[in-house]
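For clarity, chains are labelled A, B, C and D in written order, and residue numbers in each chain start from 1.
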Amino acid sequence: MRALVHRFTLTDPGNVEPLAAALDAGTIAPGRIVAVIGKTPGNGLVNDYTRGYLSQSLALLIAAHTGETVTAVTARVPFIFSGGTEGVLTPHITVFSVVPGDGETGDSRPALAVATAFTGPLEPSDIGRGGQVRATADAVRQAMRQARIERPEDVHFVQVKGPCLTALAISQAHARGVPTAGDSPDKSMAWSRVASAFGVALALGEIDEQHFDESMMLRDFSRYSGVASCSSGVEVAVNEIVLLGNSRHWRGPLRIAHRPMRDALDITGVVDVLEDLGLSPRPQLAADDQRKLAAVFVKCEPDRSGTVRGQPHTMLNDGDMHAQRHIRGAVGALVAGVTGDTRLFVSGGAEHQGPDGGGMIAVIAHRSES
Amino acid sequence: MRALVHRFTLTDPGNVEPLAAALDAGTIAPGRIVAVIGKTPGNGLVNDYTRGYLSQSLALLIAAHTGETVTAVTARVPFIFSGGTEGVLTPHITVFSVVPGDGETGDSRPALAVATAFTGPLEPSDIGRGGQVRATADAVRQAMRQARIERPEDVHFVQVKGPCLTALAISQAHARGVPTAGDSPDKSMAWSRVASAFGVALALGEIDEQHFDESMMLRDFSRYSGVASCSSGVEVAVNEIVLLGNSRHWRGPLRIAHRPMRDALDITGVVDVLEDLGLSPRPQLAADDQRKLAAVFVKCEPDRSGTVRGQPHTMLNDGDMHAQRHIRGAVGALVAGVTGDTRLFVSGGAEHQGPDGGGMIAVIAHRSES
Amino acid sequence: MRALVHRFTLTDPGNVEPLAAALDAGTIAPGRIVAVIGKTPGNGLVNDYTRGYLSQSLALLIAAHTGETVTAVTARVPFIFSGGTEGVLTPHITVFSVVPGDGETGDSRPALAVATAFTGPLEPSDIGRGGQVRATADAVRQAMRQARIERPEDVHFVQVKGPCLTALAISQAHARGVPTAGDSPDKSMAWSRVASAFGVALALGEIDEQHFDESMMLRDFSRYSGVASCSSGVEVAVNEIVLLGNSRHWRGPLRIAHRPMRDALDITGVVDVLEDLGLSPRPQLAADDQRKLAAVFVKCEPDRSGTVRGQPHTMLNDGDMHAQRHIRGAVGALVAGVTGDTRLFVSGGAEHQGPDGGGMIAVIAHRSES
Amino acid sequence: MRALVHRFTLTDPGNVEPLAAALDAGTIAPGRIVAVIGKTPGNGLVNDYTRGYLSQSLALLIAAHTGETVTAVTARVPFIFSGGTEGVLTPHITVFSVVPGDGETGDSRPALAVATAFTGPLEPSDIGRGGQVRATADAVRQAMRQARIERPEDVHFVQVKGPCLTALAISQAHARGVPTAGDSPDKSMAWSRVASAFGVALALGEIDEQHFDESMMLRDFSRYSGVASCSSGVEVAVNEIVLLGNSRHWRGPLRIAHRPMRDALDITGVVDVLEDLGLSPRPQLAADDQRKLAAVFVKCEPDRSGTVRGQPHTMLNDGDMHAQRHIRGAVGALVAGVTGDTRLFVSGGAEHQGPDGGGMIAVIAHRSES
C-alpha cells in the first residue's frame, strides 16, 4: 500500500473547488480518500460552524464523484477540522488517500502508513469520562492493526475528533439527572479532548491501563500521550480517529516523525523534528526543503501556570480573546517562521497531549534523498 | 554620558512596585529617567486605557520620588506604551535613564545614545496630516542633536507616540466643519502612525523632503522609514519621541542594531540583528546570550494583500479579533522563539515603517566581549 | 394568491430538521417556497460562514424534496441570512411560500404580498457604487410588479442581500487597477448595503432619480429608504431581493406594517407598529397577541455621532467587540422586551435605511379579529 | 442626615474633570463623599483595568481636595465599578455623599439612606467560600446599623465589590497547596460574586443562617438575595459594601425601590419599579419623569439553561464575545428603552442575586410630588 498526501488551500468552507479540480484531473481518486484533516477559518471554539460546513461541502463533493450517498461518505471518511487560523496561518485541508497493491516492489524502507477508525455514538454521560476513554482506546488499537504498525513507537500522530456539549445539551442532561464532564460548553470541549488523549495513551501503552484512573484527568498533567492530537466540536457524535506512522508494509517516498514541544517557545523541538526527516532550517527551510514538506501538525496550549519560562503571559486572563486563539496564533507563527510555510495544522487544547504547557509537532516529508 | 536600560515585568498597570523597589534601592535615580517604553495588557486599540493608567501610575511614582509635580514629570518623560501582549508576550516596561559626565573615560567605542523630544499640541485637523508630519520631523531632528548623533545611519530606533481621535472627537470635528484624517477611531490611529512615520523618514533623509507629498500617505508603501516605530492613542495630545542610536559621545556596554523584517515570517531578520550584536541563536539564544539582551523592539503588520508568501491569511477578515491583535501575537512569538525572551516590545500598525507587509526589529544588547 | 409565513428555530446551520419535518408533514410545499430570511449564530461580519452554511443546508433539503438541482433551488429562492444573534436573540428562519389561486374568494381586504427578484452578477467595480444601485432599483421595480403592489406606500419591507469583497478580493482588484468602494472588507460590506438601500429608495420614489448622485452615499444621511433592509456577505454574487407589502390581489389573514425607529432607544416606534396591527403591548404583548406575530424585522445601527440622546456610547471605540454586534444585541433586546419574542430578524448596518442613528421595524401579524 | 446623589458621565477613566468641576464649584463637598458606584468602558472581565484606573483617578482627585492621603481616601470611600458599557450604555459614576444634621426638620417621610462597610483582607482560600460569606454578612449588618435601617425590607440595594484571582494567583495558590474556588480567573470572579451574595442574604435574613451550607453555592439557585448586586475584580483585596434603603431617620427628596427581574425579557419588572416611585413609562418616561431619576442599578445574567422563554439564546456558546458582555448589552438596552436614559449601572453575573436567569433592578428617584 501507498499513502498519498495532498494539501489544498481552502479559504471558504463552502468552496472546495481546488479539491474538485484535483478529482476532475484524476490526481486523486475519490474512492481512495480515507481521511481529511484541516484548518478552517472559524474561531475554533464551541460556536465554530466552519468545521461542520466544510465537512458538508466535502462530503457532497466526494459523494458526487463516487456515487455514494453523503451519509456513506461521512461514515467512511473522517473529516477532522480544527477551527482557528490566527496570525499567519492559512485555512487548508490535507487529503489522505491510499493506493493499494504495490507493497512488494521497490524501496523496502518503512513508509508513511495511515489508518482510520470510529467509535460508536457517545452519550452525554460518556463524553469526557471513562466511556469515551475506553471507546477511543479500542478504536486506536483497531487503527494500528489496520495500518499494520506493530510497535507503538512507530506511531507518530493520532488525530482524534470527538463530540462536545452545547449549553443547551448540558442543561438538558442535567434536567434529566445526567451528570456531565464540565458545566460549560468550553469545559465540555476540554474534557472531550482529555478523554480522547487518555484513550490514545492507553492504546499505545504510554499509560499503563492498570494504573489509569479517571481522577488523573485534568489533574495529573505528568501523564500524557506524546502523539495524540485531540479536538472536539459539536459537529460530530462519535470519536473519529486518524492514525499515522511508519510501516515496512507500506511504500512510497513519505515518512513521518514527531517531537514533543516542551513549551510555547520550544523552537528546538521544531528544528529537531525537521532534522529527523533530513530537512535543515537555517534558520528557515530553503525552498528545496520546503517543497519536501507534505504536512505539519502541531498541538499546543497556553501554560496553565500563567507563565512561560518564568515570565507572565496574559492568555488566560483575557476576556475578549480566547486563550486558544492566543496560543494557536503564537505557536503557529513560530513553526511557520522555521518552516517558511503557513499551511500548518495548529490546534490548541493540548491537555495530556505532550508535556504540560507545551504539546507536540509531527511532520510528514518526502525523503530527502529521493 | 551613559545610557542605562532596565526592564521590569509589570502585569497590572496600577502596580508599579518593581520599579518602586529599584528606586528605593537606588538602582535607578528617578531624576535621571528620561523615557519609559513598554507593553501593557490591554487590547492595543482605541479603547485601551491600560496605556493611560500605567502612565498615571508611573508619573505618580516618579513625582513622589523626585518631588516634581505629576504634570512636570509627564512633560519631561515620554511614557510610550503599546497595548496588546497577545500570545506569549509579557507586559513590561523598559526604563531609560542617562548618567552624565563619564564620557571621556574608558572604552571609546560608540555606545547607546538616547534622547527625547515632544511636538507642540496637535489639533484634530493636524492629526494624520502634514501638520503632524512636519512637527514630528522637527522633533526628531532636535532629538538627534540632543543625542549627539551626527549621521542618520547611526540612528537605529525612533519610537513615536502620537494622538488619535475617538468617535466623539471625529464627530465633533466634523460638526465644526473640520475634516479629519480617517472617519473612524481605528482609521484615525492608522493615519496618526503614518504621519509620525513620514516625519521620521523626512528627518533622517529616508525620504527627500522635496519629494514628499501627502498623497503618498497610506498609498505609496514603497516609501518608508527603516527605523520608525509609531504608535497612537487617546492618552496623548502631542507627539512624544524617543530616539535611540549609537554615538561616540556616549559610554557604556550597550549597543543597538536594527534590521528590516521583510514579512511576518522573516526569521532571518531576527537572527541577523542578533548576530549584528554578536549574539548567536542556534536556533535559540543560550542563557548566556539571553542575559546580554537589554531590550527588543519589533514593528509588524498584517500584510494588506491578504496573503503571506503567496498563501492567504485571515487576519484582515476577522470580525471578532482585530488584525493588530493577530499580528502582534504571531510576530511576537516568532521573535520570542529565537530570543527565548517574552519581554518584547511588539507593536502593530507598521504602515510606512519598514517594508510593506513586514516591519523592523531593533535590539539593545550588552557587548558580547564585555 | 396567499402568502404563508412559517418560523423555525434553527440553532445549528447544518441542522435543518425542523423545516424537514414540516416538509415531510406537508405543512409547507417545498416547491412553493419563494424565500427564506433568517438569523444565524455567526458574528454577522465578513468572516461569518454560518450564512453560507445554512444556505447550503436549505438548498440541499429543498432540492431533495422537489427533485430540483441545488443550483436551481439557489437560483430560484433567495436565502437571506443575517449573522449575529447577540444577547437574547434566537437563531431562526422565516420561510415564505405562496399558494396560488384562491385570490377571488373570501376576505377582500389587502393581505400580505411577497415577491422576489435577483440582479445579474455584480463585478467588484460595481459593488457599493452606481452599478449596484441601478441594478437593485430595477430588481425592486420588477418585484413590485410581480407582487401586484401598485403604490409604493403599500411596500413595507424590502430585504436585500448583496455581495461584498474580502481582503484578498480587494487586493486582487487593486492589483488589476480596479478601484473598489471601500479598502477593507468591513467597509466593503457597508458600501454594498448603502448601494442596495439607494436602489430601493430610487425604485420606490423615496429619492428622486434625477437628484440621485453617488456622492450622497455614506455622506448625506438625510437621504434614506424607510423600508429597505440591506445586508451583505461573501456568500452571494448577485443582489437578492425579497419585497413585502399589502395588496388587494392577495388573500389570507396576514398583514404587514412598518415604522421608523428614530434611534436605538425608540421604544415608541416598536409599540406603534404593533398597535398599527391591532396588537397591544402593556408593556409586553400578552400570550394571545404574541401568537399573532408571524415575523419581526428590525434594522438598526450605532449612532455615528458616538452618542445616543446626547450621552456617549462606546460602540464605535470598542476594539474587541464590533459595533454591529453591540447594536444588534441592544436593539434586539428592546424589541424582544416589548414583543416577548426572541425570534427577531435584527440586522445592523442601517446606513441610509431609516433615520440616521436609528433604522426601522416591520412586523407581519395575523389580523387581530380573525 | 441627608443623602445626596450626583451622576457624572465619564468616558475616560483617566479624566475626572466633570467631578472636579463639581468639587470646585462646591456642589459636592469632597469630605462628605461616602461612596462612588459606576460603569467603566472596559470589558468587565478579569483583564479590565478601567475599574482600577478610575479608582486611582478619583482617589487622587478627592485626596487633592480634602488633603487626605490617597490611601486614606481609598480606605474610607468604596469605589465600586463594573466594567462593560455594551450597546447603548454610557460610562458614568454615581457619587453618594451624606450631609449631616438636618434630620429633625421638614418632611418626615422615609428618605434614601446610605451606608458603607468593608471586610478585612480576604485570603485566596477565603475567596468564593465560607470565609468571604461570613465576612460579608458581618459587614452588611454593620452597614445596616450605620444606615439606621431597622427592618430588612427597607434595604433595597446592597452593592458589593470583592476580590478575585488571576491565573497567576490561582497557580501560585495551588503550588502552595491552597485550594481555590474556581480554577480559572473567570470562575474565580463568579465564586467571589456568589460568596458576596450569600453574605448579603444571610445578613438580611433572606436565607436562614442555620440552613446555609456551602454546597448551595452555584448549585441551588432557588436561594438568592433579592437586593444584592455583587461584582468582583482584581483591583480590590477586601469586600467593599454600599447599602441603600429608605429610613425615617434620613431626610431629603430621594427614595429607593427595587423589583426582581424574572428573566432578561422582564420589561414588567422595569415598569413596576418605576411606578413604585410614581414614574409612568408610556412606553418610555417623558422628559419630566426622566429628570426625577437619580440612579438606576440593574443586575442580570445569561440564563444558564441556554434558553429565554423556551427559545435558545447563543450567549453561553459564544467563543468570541463573553456571555456577560452579551447580557449587559441586552438588558441595559431594555431598561434604557423604558427609562430613556443610558447612564445605567448594569452588571452581569447575577448568580444568587435575584431569580435564576433574571436579576433585579433598583431605582433612586426624586419624589414625584416634590
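To be clear about the criterion, contacts are C-beta pairs under 8 Å (C-beta built on N, C-alpha and C of every residue); 3 or more make two chains touch, one makes a residue touch a chain.
Since we're looking at a predicted model, the values are computed, not measured.
Novice: Would you say C-D or A-C is joined by more C-beta pairs in contact?
Specialist: More contacting C-beta pairs are found at C-D.
Novice: Which pair in A-C, B-C or A-B has the same interface as B-D, with over half of the contact pairs matching by residue number?
Specialist: A-C
Novice: Mind checking the centre-to-centre distance between subunit A and subunit D? Centres are C-alpha means, answer in whole Å.
Specialist: Whole-Å distance between the two chain centres: 46.
Novice: What whole-Å value do you get for the distance between subunit C and subunit D if each is reduced to the mean of its CA atoms?
Specialist: 39
Novice: Return the residues of subunit A touching two or more other chains; collapse runs of consecutive numbers into ranges.
Specialist: 11, 41, 43, 47, 166, 168, 312, 314, 317, 320-321
Novice: How about subunit B: which of its residues touch subunit C in the complex?
Specialist: Those residues of subunit B that touch subunit C are 43-48, 166-168, 170-171, 184-186, 304-307, 312, 314, 316-320, 322.
Novice: Across the complex, what residues on subunit D touch subunit C?
Specialist: The contact residues of subunit D facing subunit C are 9, 11, 41, 43, 85-91, 264-268, 270-271, 281, 283-284, 308-309, 311-315, 317, 320-321, 325-327, 329-334, 336-338, 340-343.
Novice: Show which residues of subunit D lie in contact with subunit B when the two form their complex.
Specialist: Interface residues on the subunit D side: 11-14, 41-42, 47, 49-50, 52-53, 56-57, 60, 166, 168, 234-235, 320-321.
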